Structures are given as structure tokens and as C-alpha cells.
Amino acid sequence: MKMKKVLAMAVSTLLCGTMLAGCGSSNESSNSGSSSNSETTTEKKTDAATTVADSGSEDNNGGGSSSGDLIKVGIINNDPNESGYRTANVNDLKATFTKENGFDASFAYSLKNEEQINAAQKFIQDEVDYLLLSAADTAGWDSVLKDAKDAGTRVILFDRTIDADESLYDASIVSDMAKEGEQAVKWLESQDLASYDIIHLQGVIGSAAQKGRSGALNDTAASKGWNIITQQTADWNAEKAQQIVQSVIDSGKKFNVIYAENDDMAKGAVAALDRANISHGVDKDVVVIGFDCNKWALEELQKGNWNYDGQCNPFQSTYILEVIDKLENGETLSQKTIIMDEKGFDAKTITAEDVENYGI
Amino acid sequence: MTARPKTAEKSSFLASIVRKQIFIPIAALLLLAIFNLIMDPSFFKITLGHNIEGNPVLSGNIISIIDYGSELAILAIGMTLVTAASRGQDISVGAAIAISGSVVLRILCGPNADAATLQAPIIVAFLASCIVAMAFGAFNGALVSIFRIQPMVATLILFTAGRSIAAWINHNKLPVVNDKTFAYFGGYIPGIPIPTPVFIAIACFIVIWIVLKFTTLGLYAQAVGINEKTSRLNGLNPAFIKFITYVILGLCVAVAAFIKVSRVSTINYSVVAKDIEMDAILAVALGGNSLSGGKFSISASILGAYVIQFLTTTLYKFNVQADALPAYKAVVVILLVILSAPIVREKLSAFFKSLRSPVKAESKS
Amino acid sequence: MQEKSLLEMRGIYKSFPGVKALRNVDFTLREGEIHALMGENGAGKSTLIKVLTGVHIKDSGDIFLKGHSGAVQIHSPQDAQNLGISTVYQEISLCPNLSVAENIFLGRGKHGIVNWRNMNRHAGKLLDSLGIAVKPTQQLASCSIAVQQMVAIARAVDMECSVLILDEPTSSLDESEVEKLFGLMRQLKERGVGIIFVTHFLDQVYEVCDRITVLRDGQLVGEYEIEKLPRVQLVSKMLGKELDDMADIKNDIPVFEEKDKGYVYEAEGLCSSEGIKPFNFNIRKGEVNGFTGLLGSGRSECVRAIFGADKVTGGRVKVNGKEVKINKPIDAMKNGIAYLPEDRKRDGIVGDLSVRDNIILALQVKKGFFKPFTKAEAIKFAEEYIKLLDIKTASVDTPIKSLSGGNQQKVILGRWLLTHPEYLILDEPTRGIDVGTKVDIQKLVLKLASEGMSITFISSETDEMLRTCSRLMVMRDRKLVGELTGDELTQNTIMNTIAGGGQE
């Protein structure tokens, strides 16, 4: 009995430890699991800080010096391990909200809404000036945002929007998944192919990115009479995508477009094409479209192996900084919801600079 | 008249086959094969073509099945042993594949994850990933055997933490191996038209066959799984035997992860081998092995793994709507599991026997 | 019904397929009485209890309860509970993860609505009145076994039971806990509750009980007041040997040649985690000796300590004169010791495995991990012992669990003989086996000994021991209390030694 209890405790501490390692309760939390992880991110922070300083340092210093000391910011985000996109997003924020730039920032990561709400409450108690929030779930934020309003904490939503009254937050910076899909589909349309026979590899069904990216293709395919040969979810997984494309090849169906909703699946699809000696890329038999703009994916574009890569912009800190500057200077925002520009790269026009700047 | 004894013999033969463990996966394979044959005979077409490097390659659905089923079949080996000895399953194999694959990438791509050439020989990366995977297997094994935690609960720890550990190994980056020879392991070796994973899987089958033939692992694992107290009184060390099965599963994980990494020269730690643990457990169950331990048949589990892959490929082939895919899979699985239930097999066996008795009655008259 | 009696069972019959478990048994329990129900294993104690509590339905007979006119019908445990008959089993049947108060009231609410404050207050009062020192809100699992048992008793008391059955309540308690339990029992007795106490511990019976009912082979031997039944009488009644007509059956015992070849096995101060007092023991080459004593006296625990089956906590062991360490079964096996365990199903067979695998298991383990027998070798061994021991099995591939008990026992015996041990320990090898096989096994034991094997033999049947053993260690309450050889080997002396204490 005793043994079991001791063990249960050991296991639960271990689990807590791993959860902390995964979520990281604050920027200074450096437990054994993530110690070297956070080391590297801080390392990156300093050298990335210098690059960001170019873009925003003037404004920031202005903002910072006007109040005489650091602006206190509480940032609530999703788990950086969720995806490469999230990692880039987290690193971007970490690199921007530094002491050098005039900020005293605390971070909280979780994929669970209630944990995020707890973190928000803690930040409000700590009297942060700004609460930056990428909510895990759209519902349940009303009361905590009211608390924030009462406490005079300004709230800026980024990346994801929530179901709450507009008066409860100061600004909402969102990426438009549908727009991103539309851009890619528009690009595809502009290619003016003789026929459109598409293999559509979907992400995890029901996720925001999947809905946006699938919706755009479905709409246009219906209106333009494009032929979708196969529409399957590969759950963002390269190897499943490879199998699906392989099965289309095995069945002998003709196709000339692969629309993969992320880079991994595009890579898996290309592996299947290589196996069957089907050429792909710029001016080849099959057009390959991916999303997310991983650095390696952009390199594939550069080599002409793929044709197009769309991106849901993870670099949101410049938008946030703009909003904070305006608010600090007492200006009012013309509109609360700010839709970010989404990037999309064509293999024919991509430059080495693009790869360096926008690859995640 | 002469035909009659033959039918009698045949039905008794059928009755005895039905009771054999390996009957279930074979029956399932046959059902799937017949279904495909009726729906579209071209399913079984195999063609010889060339890949982008100009090497000859065989392609076709059957090739795809034995190719993509390799990882699952390899995992089924370890999962069968773990199930037999510890009366429970390891649900952390997917996460362990993410870890093990990340180790391969880390060693081949170096700490900065963007090296253009290999940073270490492939064999070094493979051996390192084996050691890491076996260490995590040992961790699970120790929790199960020494601390006597239920296997599912014990492996839940790694299931939860594994993908974070995998992310940490490459600092959340997704390195890609830029080396043609590395891709041979998940693709084709020049000049050989059969996918390499098939050979790796066969090599694993031979190894486990040799291990079971030249050691007493099989007897010990079964004895411990059936009756731990008796095993101890017969001089066995049940804890050690359970432990060793988890380490063996770790080795299987390393091999499966290596194939996965090689297939597309990279893996994404957050999605690679997602839910493969469930498929591996299902393979064991489809093989007719009791999930509560004891007697096992590894060859039945391996066949079970290929049944699952056959099913997946069939569903892809018929382009089942993405959101309906799990439902179809579930229906087939329910059918197969019901078929494998002892009570149904008893009935089937009795049915085949009853086919025989009217024949006797007839010949008397 | 007699005055003062709470419960009367008259002419109870109960049979199971092939066994007549109870034949014409009467039992009477009076108000404010602690009544011991005694008998060896298989005497029918637990069947009688189960009939009373509605677990088994009696074939015939009547049960009368105070306050009910005419015979009562008990068809389910629920019926028994409603009639005020409560049972506290050796294995606690409460919910360890609930609080003490929750356990007391579990499943008794009328509407499924719980008033927690009331419940805890009521439980507190109840526990106070019974002098049980535990908080109602404490989690049950964090209490000692003794307290858990007392909580179970408190639950029964609160349900206004008039008949309380305690089935082996003391076997997992230490002495001070037993004292506390007895205190509680005496208190309940004051309140007029009738208690049926089932135990193997003679000392405890004489400490706390008023009356004893003895059963043997499913039949009533008699009901006795405690003062009028000396211990040795009780033992003789349980074993079914009247002191007077215990004929000298020594004639049956073949005379062993004294072999001056020294000790095969010697132990000094051996003790194990199972609570046996340190004991000395030895055996010579070709000798057959045995441990005797009532069930639960520690005779099995002694041989388990010798084999290293339980955790050995102290003592020195010599095999063939050389000092060795035996901490686990494999150590013993390597020193040529073999052990046929008492509980065949739990410790002996590997149910799903074939007869063949069961036979070769021990030898295979001894031989080593990297040296498996080929299938042909295994079949050869299996067939050899199937023939030698006349095991009835369809084939060597038949799973052992589908064999009859006697044949399973022979398979396990074969498993150990295959290892060619120097020293063989047989714990109850003949239990649950038909008479013919019993004699076969006894003969085999003597034959093996005459070939030079040393054998320790344990049996519940004294005459079987007398027929085979030349020396007997007598156990009582987990202590070695005597060693009998030569002329001392008679039923009378054995019983006197087993009964011990009471005679002095």
C-alpha cells in the first residue's frame, strides 16, 4: 500500500513536471525537462531581438520612455510544441517583448482553456498593463475579461478570436484562414491549367486551418468545375499523405494537382510521386501546393520541386506593437479587428531573402 | 459416393482450422481480398515501373500493403510479447517512435538541424535511437514490473510526455535529412524493385523466430502471463521477464521509427505514428491473442497487422469520405473482433461439424 | 424454539454435484453468546455459513429466528440482512476508497439522498459507543485491517443485526489488534448479540467463546460448552479420532534403514515474512519426515521458508553440510530442492499451458534461458512422466486446466521429479484426490525415499503422515512445538502435542 502511494506521488510529480516542461508556466520557469530548451530560446531571443529592434525600436523606446519604466505584459499562448507555426509564433513574441524593447513580459502556455483563464486571472492580479491572448477555445472568457476591464488592464487578442462582446477587449489581431486558402486557390486558378484533377490532402478534420483551407478549394472547385480525384484527411501526417497518394497512383487515376493543407503532407505526397517517377514542380506534370512556409518547404520551392506555399502568418508581434504604441500614445484605433496580411509564395518568384525571413 | 468422405474430411478439417488461433487473421485477410476481388479485380494488379532515380520499382496495392504495413507488423511483435507477459499493453509506442525518430534526425542533422550533409554515419544514428528507445522501454518496464503499476497507466506517462520530449530533442525544429542513401531504408535500394521496409520487416520476423527458437522467452513470457505465482515458484523471475519484454518492444519501436523517418527523410514529432499504439494493440487482438496475457502467437499478430493495413488501403482505394473513414474502420473492426470471440468460434466450429453429420446419416441410408 | 435462542437451524442438508456438503446439521445460537464453529477444511463450516447468509440455498431443513413464527426463508444475502443476520468476512468487503462513515451507510439510504453532516455525526456516535477509535471522515484504506474489520462490525451493529458472523476475522491481525477485536465482541455480547466465530486458532476459541459446535465431513459432531471440552478432546473431535479407539497403525509403516549419510538439508533459526517463529529443521538422506498441526498453524509456511517461496528474514541453511543462501525458489532448485505447493490452482499449474510445457517448466528454468529443449525432447520427457505417474490426459498438448484435480497434481509432481531433486517437499499432495491416487502417491513417496531421496510430507490426514513419515515436526500457532519420532508417533501423542497449552 505504502509503496503504491509513494509511487503515485512520484508519478504525479513526474506528470506535473512534464506538463510544465510542455507548457512552461512562465518565461522564467526552467525545470529539468525544458532547461536546455529555454536556454536555446533565450539565446535566440537576444540575437533575434537585435533584428526586431530595427523594425520597432524607435516606436518602442518612445513608448517606453514616456511612462518612464517597463510596460508590463502578460502573454497567454498555446503550447509551443503544438506545431512549427506555434513555435515560430512563440519565438517571435519572445524576441519582441524583451527588456531591451521596454517590456516586462510574462508568458503562460496551455492548450486548455481553463488553464489559460487561470493564467489570465493571475496576470490581472499581478497588475499587468496589457494582456495578450491567443485563446485555446472561443467560449468562456467573458467574466475574466470583465475583471480585466475593471482592473484597467488592456486586452489584445491575437491569432485567434473569441466569442465575447467587442467592448471587452481593445483590439483583435486575427489571421484569416479562409483568406489564406483563397489566396492559394486564386493562385492555382491563375495557372490556367488545361484541366484540374486534384488530390486534396486535408488536415485534422474540424481544425480551423483545415476548415479555411478546404473551404476555399471546395468552393472554387464547385464553381469552376474542377475535378477533385480524392479528398482524404492525412491528419497533417506526411506518411499518411504518402499512402493516400500512393493508393491513387496504384489505382491508375490521372491527376495534375496536389493540394496539401500543410507542408508535411505535401512532402509525403511528393515522396509517393518520386517513387512512381511522376514529375512535379515548376513546369512539370503535377503542381504541388503546401501550407505553413517551413524553411525546408520554401527551399523546395526555390529548387522548383514545389509550386506554391501559403502561410498563416505567425509573425504577429509587429501588429501587436503597433496597437500598443497607438494606445500608449492615447490614440484610438480605427477598428478593433485587424486582419493580418497572409503570405503566399510562388516558386517562380521566391527569393533567398524570402526563405530567410519567412521560413519558420 | 467417393466424394462424400472427402466432404466429411473437409468439414472436420474446417472445424479444426476454425479453432486454431491463426484462423482469425487469415479469415479476415481472405474476406478483404474477396471483397476487393469482387469490387475491382485490378486491385491486385502489380506493375513494374521506374522511380525518379531510374531504379526499377514494383507498384500496386498489394505492394503498398506489405510496404506500409511493415512498421505495424514490427510493433506487433513487441506488443504481443508485452501483452503476453505483463497482461497489459504499452500505449506509448507512438510517442516513443516520435522520440526515437527525433534522435535519428538529431544525430544525422546535427544540433542546428540544418546541415546539408550527414553529420554522422547512418548506423550510428540507428544504434543511438535503438539505445534511447530501449531505455524508454526499460523505463516503462520498470514501472510495470518493479513498481507493479498497471501497464496502461504506467505507459500513460510516456504517452503524455513523449512528444514533448521528442520536440525538445530537436528544439522544436523539424530537420530534414538531405541524403539519398538514407532514403533507401524507407524506399528502394537501387536495383531492387521491392520496397526496403518489407526486407526490414522480414529480417525482424526472422530475428524473433530465432529468439523464440533458441531461447525460452516464449515459454517464460506465457508462464509469467498466465500464473505469476507459479512461475516464481518454478524459479523464474517474473519482474525481469516482464521488464525484458518492454525492452524488446523498445527495440521494435526503434526499427519502426527508423523506417518512418526514412520514408520522407523527416518526421513531425507531433503527428508521426499518431494512434499507432491502438493499431498495434488491435493487431494483437486480431491475431486472436488474449489481451489479458498468457498464450500468444506472434505470427498471428503479424498477420493481424497486415489485415489492418489491408483495410486502410482498401478504404483509401474506395475513396471513403474523410470524416466517415473512422466509422467504416470501426464497423470492420467490430466484425473482426466478434469473429474472433471464442464463443463465436465455438459456434462456427460446431456448425462445420454439423455439416459433417448429415453426410454420415445419408451414407447410412 | 427454545427460550433464549436467537437462531436455530434444524436438519440442514446441502449437496453440490458429487459432494454432500451438509448432512442433517443442527446448530443453535443463543442470545449474548459467542459460539465457535470448528472443523477441519471441508468439514462444512463455510457451507453452513453460506446457507445461513443466503449465498447457498439449502436443499432441506429449517431455520428459525427469534421473533419470527415458523421457519424463515433465506434466498439471498439481502434476505439474510433484512432478518438481522450480518457477516464480516476475512477479506474486507467494504470500499477502501470511501470514508468510514460512507462505508457504514453505503447502500442503505432510502432515496439515494445523503445528508453528510447527519451521516458523519451519527457514525461518530456509533463508533464512540463501540469504543472504536477512528474518525468518521477518515478514508477506510488508511485504517489498519483491524479497524476496517471493526468498521464492518459497526456497520452490522447499526443495521440492528441480532446474529453476527465473523469468518476468520483474526487471521491477518496481530496480537494487540486481536485483543481489541475481542473487546468489541464481548461488548456486543453484553448487548445480547449472538456471534458465530469461525477460526482455526484454538487459543482464541478458548479465550473468547462460550460454546463450540464441531462439524466433520459435513456432519454435526456435537455442541459443547467450552469448560466441558478440553483442547485435546476438541482436536480429536475435529480430526474424527476418538482417543480410545486409536489403533496402532504403525504396522503399516515400513521400517526405514537408518542411513548414516549425514544431513541433506539443515536449517537453524529459519524464519520468513509470513510470521512463523524461527525454527530449526533438518533431514537426512532417504528420510521421510513431515510437518503437522492444524490448518493455519504454520506448517506450510515452514516449508515455503525452506524453499524460499516466501521472503526469508533470517536463519542459516546448510545443504549437504555446506552453508548456502536460499532467498528465492531458483536458489533452492539449484541446490536440488523441489516443492509441490499446497494451493495447486494458485501456485502449481500454469492453466492455459499444455501438459507438456507444465511438465518441463521447472527443469527448463534450471537448465537456462539460452538452452531450450527441442519439441521432441519435451514430448519425450512429458510422455515418460505421463506413463510413470499414469496421468490421464488426451495428449501432451492438452491444456492442464482441462485435466481433473488429481491428474493436475500428478503433472506437477512429474514436473518436480523431472528435475531429479535430492530433497522433495510435498505440501498436501493428496488433498482433493480420490483414495486410489492417494495410496499411489504414498507408495511413490516411500519408493523414492528408499532410492535415497529425502522427502518432507505435509498432510491434513494424520494417518497418512503416520504411514509415511519417520519423524514429525508439530506446529501450533506458527511455532514449532515438538518433534516426534519412534514410539511417539501415535495419534494420541500427536493430538496432545497439537493441543498443547490446554493440557498444562
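Which chain is which? They are A, B and C, in the order written, and residues in each are numbered from 1.
The rule we apply is simple: contacts are C-beta pairs under 8 Å (C-beta built on N, C-alpha and C of every residue); 3 or more make two chains touch, one makes a residue touch a chain.
Just so it is clear, the model here is predicted, and its values are computed rather than measured.
Engineer: Can you name the chains that touch subunit B as well as subunit C?
Structural biologist: The shared contacts of subunit B and subunit C amount to nothing, since no chain touches both.
Engineer: Determine the chain that sits nearest the middle of the structure, using the mean of its CA atoms as its centre.
Structural biologist: Centre-most chain by C-alpha means: B.
Engineer: Using mean CA coordinates as chain centres, what's the subunit B-subunit C distance in Å?
Structural biologist: 46
Engineer: Mind checking the centre-to-centre distance between subunit A and subunit C? Centres are C-alpha means, answer in whole Å.
Structural biologist: 68
Engineer: If you average the CA atoms of subunit A and of subunit B, how far apart do the two points sit, in angstrom?
Structural biologist: 35
Engineer: Applying the document's contact rule, which stretches of subunit A touch subunit B when the two form their complex?
Structural biologist: Contacts found on subunit A: 3-4, 7, 11, 14-15, 18-19, 21-22, 33-34, 36-37, 40, 80-84, 87, 202, 205, 230-233, 235-239, 242-244, 246-247, 249-252, 264, 267-268, 271, 273-277, 279, 294-296.
Engineer: Sort out for me which residues of subunit C touch subunit B in the complex.
Structural biologist: That would be residues 307, 309, 328-330, 333, 339, 341, 346-353, 357, 361-362, 364-366, 368-372, 415 of subunit C.
Engineer: Using the touch rule from the top, collect the residues of subunit B that touch subunit C in their complex.
Structural biologist: For this pair, the touching residues of subunit B are 213-217, 219-220, 222-223, 226-227, 229-237, 294-295.
Engineer: Mind pulling up the subunit B residues that touch subunit A in the complex?
Structural biologist: Residues 42, 49-52, 54, 57, 59-61, 63-64, 68, 114, 147-149, 157, 160-161, 163-165, 167-168, 171-174, 176, 187-188, 260, 263-272, 274, 312-313, 316-317, 319, 321-323, 325.
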